[in-house]
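Mind looking over this structure? Questions follow.
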Amino acid sequence: MRVGVLTGGGDCPGLNAVIRAVVRKGVQEYGWSVTGFRDGWRGVVDGDAVPLDVPAVRGILPRGGTVLGSSRTDPFAVPDGVRRLKENLAKQRSDALVVIGGRGTLGIAARLHTEHGVPCVGVPKTIDNDLPATDWTFGFDTAVGIATEAIDRLHTTADSHRRVLVVEVMGRHTGWIALHAGLAGGANVILVPEQRFDLDQVCAWVASRFEAAYAPILVVAEGARPSDGAPVPGSVGEWLAGEIARRTGQEARTTVLGHVQRGGSPSAFDRWLATRFGLHAVDAVRDRAYGTTVALRGTDVVRVPLAAATDRLKTVDPALYAEAGVFFG
Amino acid sequence: MRVGVLTGGGDCPGLNAVIRAVVRKGVQEYGWSVTGFRDGWRGVVDGDAVPLDVPAVRGILPRGGTVLGSSRTDPFAVPDGVRRLKENLAKQRSDALVVIGGRGTLGIAARLHTEHGVPCVGVPKTIDNDLPATDWTFGFDTAVGIATEAIDRLHTTADSHRRVLVVEVMGRHTGWIALHAGLAGGANVILVPEQRFDLDQVCAWVASRFEAAYAPILVVAEGARPSDGAPVPGSVGEWLAGEIARRTGQEARTTVLGHVQRGGSPSAFDRWLATRFGLHAVDAVRDRAYGTTVALRGTDVVRVPLAAATDRLKTVDPALYAEAGVFFG
Amino acid sequence: MRVGVLTGGGDCPGLNAVIRAVVRKGVQEYGWSVTGFRDGWRGVVDGDAVPLDVPAVRGILPRGGTVLGSSRTDPFAVPDGVRRLKENLAKQRSDALVVIGGRGTLGIAARLHTEHGVPCVGVPKTIDNDLPATDWTFGFDTAVGIATEAIDRLHTTADSHRRVLVVEVMGRHTGWIALHAGLAGGANVILVPEQRFDLDQVCAWVASRFEAAYAPILVVAEGARPSDGAPVPGSVGEWLAGEIARRTGQEARTTVLGHVQRGGSPSAFDRWLATRFGLHAVDAVRDRAYGTTVALRGTDVVRVPLAAATDRLKTVDPALYAEAGVFFG
Amino acid sequence: MRVGVLTGGGDCPGLNAVIRAVVRKGVQEYGWSVTGFRDGWRGVVDGDAVPLDVPAVRGILPRGGTVLGSSRTDPFAVPDGVRRLKENLAKQRSDALVVIGGRGTLGIAARLHTEHGVPCVGVPKTIDNDLPATDWTFGFDTAVGIATEAIDRLHTTADSHRRVLVVEVMGRHTGWIALHAGLAGGANVILVPEQRFDLDQVCAWVASRFEAAYAPILVVAEGARPSDGAPVPGSVGEWLAGEIARRTGQEARTTVLGHVQRGGSPSAFDRWLATRFGLHAVDAVRDRAYGTTVALRGTDVVRVPLAAATDRLKTVDPALYAEAGVFFG
């Protein structure tokens, strides 16, 4: 059997662990040949492929990023894209594709499979943890760990200086990183995109924290917005710090973690999850379970339809967010 | 309501996160008073208690160990233990106990509840991840992370020196830490207590690794044993390194991580899990769901009977272990 | 003998290690009694003191911040400050003061010693490493380590996405953190306050990096400024990213580390240095070497006049900065 | 100019940072061509060389180990070794050699230079920090950091369980790692090879620590030996734990860090030092300062005769060791 692999979308710790597992199991256990397409769908459209044998994936398990490169190329948006893609798959004699990506990349796989019969198996990937098909996505645990460590460090300053400390974390549409890092780091306020925040309430929490003689730490997802719906210029963290300073008269400082959260070596959890996803994607190909994606349910890796992984965003449940509220203020 | 809390058994990162969550939710949200008993069941038997208010749990979230202390005291094994325990609960006017512990501690809670009507709610704890009731126990992710980092560092030496590198990790009865850290670290051999190992097979893996020009890294759980069933003197890691050196003529070195794996600040995942366990244990007390323990199923915290958490060991499934076999040698 | 200790200025990893060493050596080896004054000079002016015995400093070695608190109170700026300070020292029967602080705090100690005969021994402290008397100050190594880890993580993204990545680090007046973290992290451009930067040159480096097919990482000290001398609104990192994006048409993202750099557990190097500073400050008191501060020269801890530690800023030597230039672009 | 580079002896974090700096400065600034010899002196003897241009060293700065490989080959011990070495240097038209290594490797460079006129410049390397010519060697700070983190984690257990905790660290002949990690980690006993230890004294420290209600943590260098001079079978850490348990009746556990201490990514300090060593070695070659090695004195990189770097071991000064004694027991 001949199998192609590609990684699409933003980079995410654990991508290389998936690639390695696909190659190790496909090549060593099933005797397949495995080909990597460069830069996501672009590599299939352009016929840019590289053979992947066992030595080619040696040592990549702990490395962030993807040895195959990535892009946001959409074959449906490229002139003649789907035809060229199918030609290149035929030229490579690829029997199946393992597609590692987020909603965009997997959505293309779903469409290629349904509309054009391209035999795809998906592996869900996003540091944002916002795919409904799976309990967790790899990359998320690493991002939460980095944000938590930053909050840990701010507690030192919060204990000895009278300052409002704001940390802006990733999360344009969902607040999973903010919620988990905020809980794990012991933040006093957590703001998520799913629920608009009331600046008066935020300032009340800040004030109540100062009354308890400690400086408040606020974690805000980059997509969180105030309840008045007014646009926020630039970084929401910087904006929030400015507003709080203006309203409370307290000095306020911001940390904007940015891309630091999506880089570097994946956590042990993410490597374990990514590795198992890779192994099970290979079995899904062996079983011709095309049109599905692997997913974690409890401690089991299962298969679900590609569509189920991409049809909507998994947002933070209001009940979960409310659970965290006991730590606010 | 008046609620007592205790932590029993070996220390484990995340215990303080549970205590803090119980106090924050119990005191702030429900207006209860919370009392900590010192050193596990010993504190209840001896009437050694300390009031826990919100300031008392400030700053303990990221700290390893337990501010309440721990012990292996069993009230059933202490003269008059159960009677004294019940007297002290009456004296403290405790309406319920939140019992944080592993199989031993929770087993006592189960018996006290069933045989003596003591109103207990359990919180499962073990770095070994060997409790069947829950997908994961807190402390495990931290231990796996520490062991994985050690393996990561050994790869550097494995790349440049011709040496067999053996890492002994925790796990007397189950191989969860060995399996997860071995997978996450990219070990070449993983040996677990659930399956006796054949020294000839191990040496064959070592040899095949050297043929690929790299030095082998072996992860061995402290409870793993050779197939001949002969007793292993001292550390199994040191013994294994000696045997491999003797049989293959290769230099072999051992790292014994020991207690380093159970100390230090909990990982973000473990803090999240421990915090949610604490919050849900409080709700179980509120609902008078005595005789149950909280547990993680997927991403939900649920309640299961205490007996179900303690009646057997959750061992590594042979299929899971076999899954890892593709990376051996 | 009776000795007072205080910590002044911004918080800095290693302060607690100094306090612990002063107490351990003063109390255990010399049999002194040691008193801590709270919140820097404020505690001496207000007579706010706490006895420090060996149990009081247990476990503080690895903790960031300062158990004594800090402030920027200047007794010379407080009505009747110096008189009240001297009265409180007399009331506490303090024979000497160990003053842990940066240029401001130590400058006050120098003046109190010279003008008012207050027996002070200094311990230099600043994460900025800008004190001329000593090869290194504690706190600096920790800050550089945190910034370096952030840059490490950005390399992952730089390898797979076409983006300009800007990291703003601490350093209002000196570029030590930027220089060391930039060198250690493999940054492509390092901008320091000591040398105004030319935006055209910066954009040229960015372009040359893209030509080599990799994304550029720029480290900029918060006090770095463009050569035209025009004021920079808000964060210089955000401003620089905006300017580069505008001029080159490339997407640019910023990480602003902020207070994360001065919090958390000190590095092993900083703990070693801070501990030795504490031990040697005690010996300086024993020798009545008032008006001096301890300092590191090579691997030796020496004594230098307080004035020498505070009379000017130790800036980044142009030759050192030029040395780093080979890695630019 | 044509310059060869080699790395010899045990691996050590920072080797790749030196190689990269030599290439970046030699090739980019001076226009030289740089060649790497594989596996230390073996590569020169066997003529096993690889061209090193700027792309070849991309991304290696943060990686442990050495991309050139290493060995303990001694050309003086190989039949015809020196003749073959000189022939290969001539064949490669190498004008000079940058030799990165410890006492063994640099000693060979000194002899080759003195006796055979081979133009060598040295770069001192050892995680043991035992070279007299330089204030610090790179690799040492990383090793100390790893050992300190392990001790940090053990404090958690020491706080909650009554156990003697022994950590064995590297150091066959010198106790630098033990001393620095012991000080930084807050160990209760530090044992070094430079000073034989008295088991009765060690047990007295252990007992006094238990009286203060905390469990003792002992750091022992692998080369530390008891005062009776009797041979120690196997790991000195395991042996010491056994002896203490036997004599005091306390449970004792051992952590043997082993090769974990010499692997993985170098600390920021080690990368800075290694990078500067590489840059200055290039300048030493430019100046034809053969027969010297670069070295750190204070914050300056200087040149000293190769012989001075290798003629004796830099052992822990008894005064320094005594300084640490205030923390024992």
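Chains here go by letter, A, B, C and D, matching the order in which they are written, and residues are numbered from 1 within each.
To be clear about the criterion, a residue touches a chain if its C-beta (ideal position, glycine included) is under 8 Å from a C-beta of that chain, and two chains touch if they have at least 3 such contacts.
Protein identities per chain, from UniProt: A, B, C, D = ATP-dependent 6-phosphofructokinase.
As the structure is a prediction and not an experimental result, all values here were calculated from the model.
Asks: Just to be sure I understand the contacts, which chains border both chain B and chain A?
Replies: Chains touching both chain A and chain B: none.
Asks: Please identify the chain with the largest separation between its CA centroid and the CA centroid of chain D.
Replies: A
Asks: Averaging only over C-alpha atoms, locate the centres of chain C and chain D and give their separation in whole Å.
Replies: It comes to 28 Å between the two C-alpha centres.
Asks: Between chain B and chain C, what is the gap in Å from one C-alpha centre to the other?
Replies: Computed value for the inter-centroid distance: 39 Å.
Asks: Starting from the mean Cα coordinates of chain A and chain C, work out the distance between those two points in Å.
Replies: 36
Asks: Where in chain B do residues touch at least two different other chains?
Replies: Those would be 152, 155, 159.
Asks: Give the pairs of chains that touch; include all such pairs.
Replies: According to the stated criterion, the contacting chain pairs are A-B, A-C, B-D, C-D.
Asks: Considering only the defined contacts, which chain B positions touch chain D in the complex?
Replies: By the definition above, chain B touches chain D via 10-11, 13, 63-66, 69-70, 146, 149-150, 152-157, 159-161, 163, 165, 234-235, 238, 253-264.
Asks: Quick one: which bits of chain B touch chain A in the complex? Just the residue numbers, please.
Replies: 24-25, 28-29, 58-59, 61-62, 135-136, 141, 144-145, 147-148, 152, 155, 159, 180-181, 183-186, 214, 265, 267-269, 271-272, 275-276, 279, 297-299, 323, 326-327
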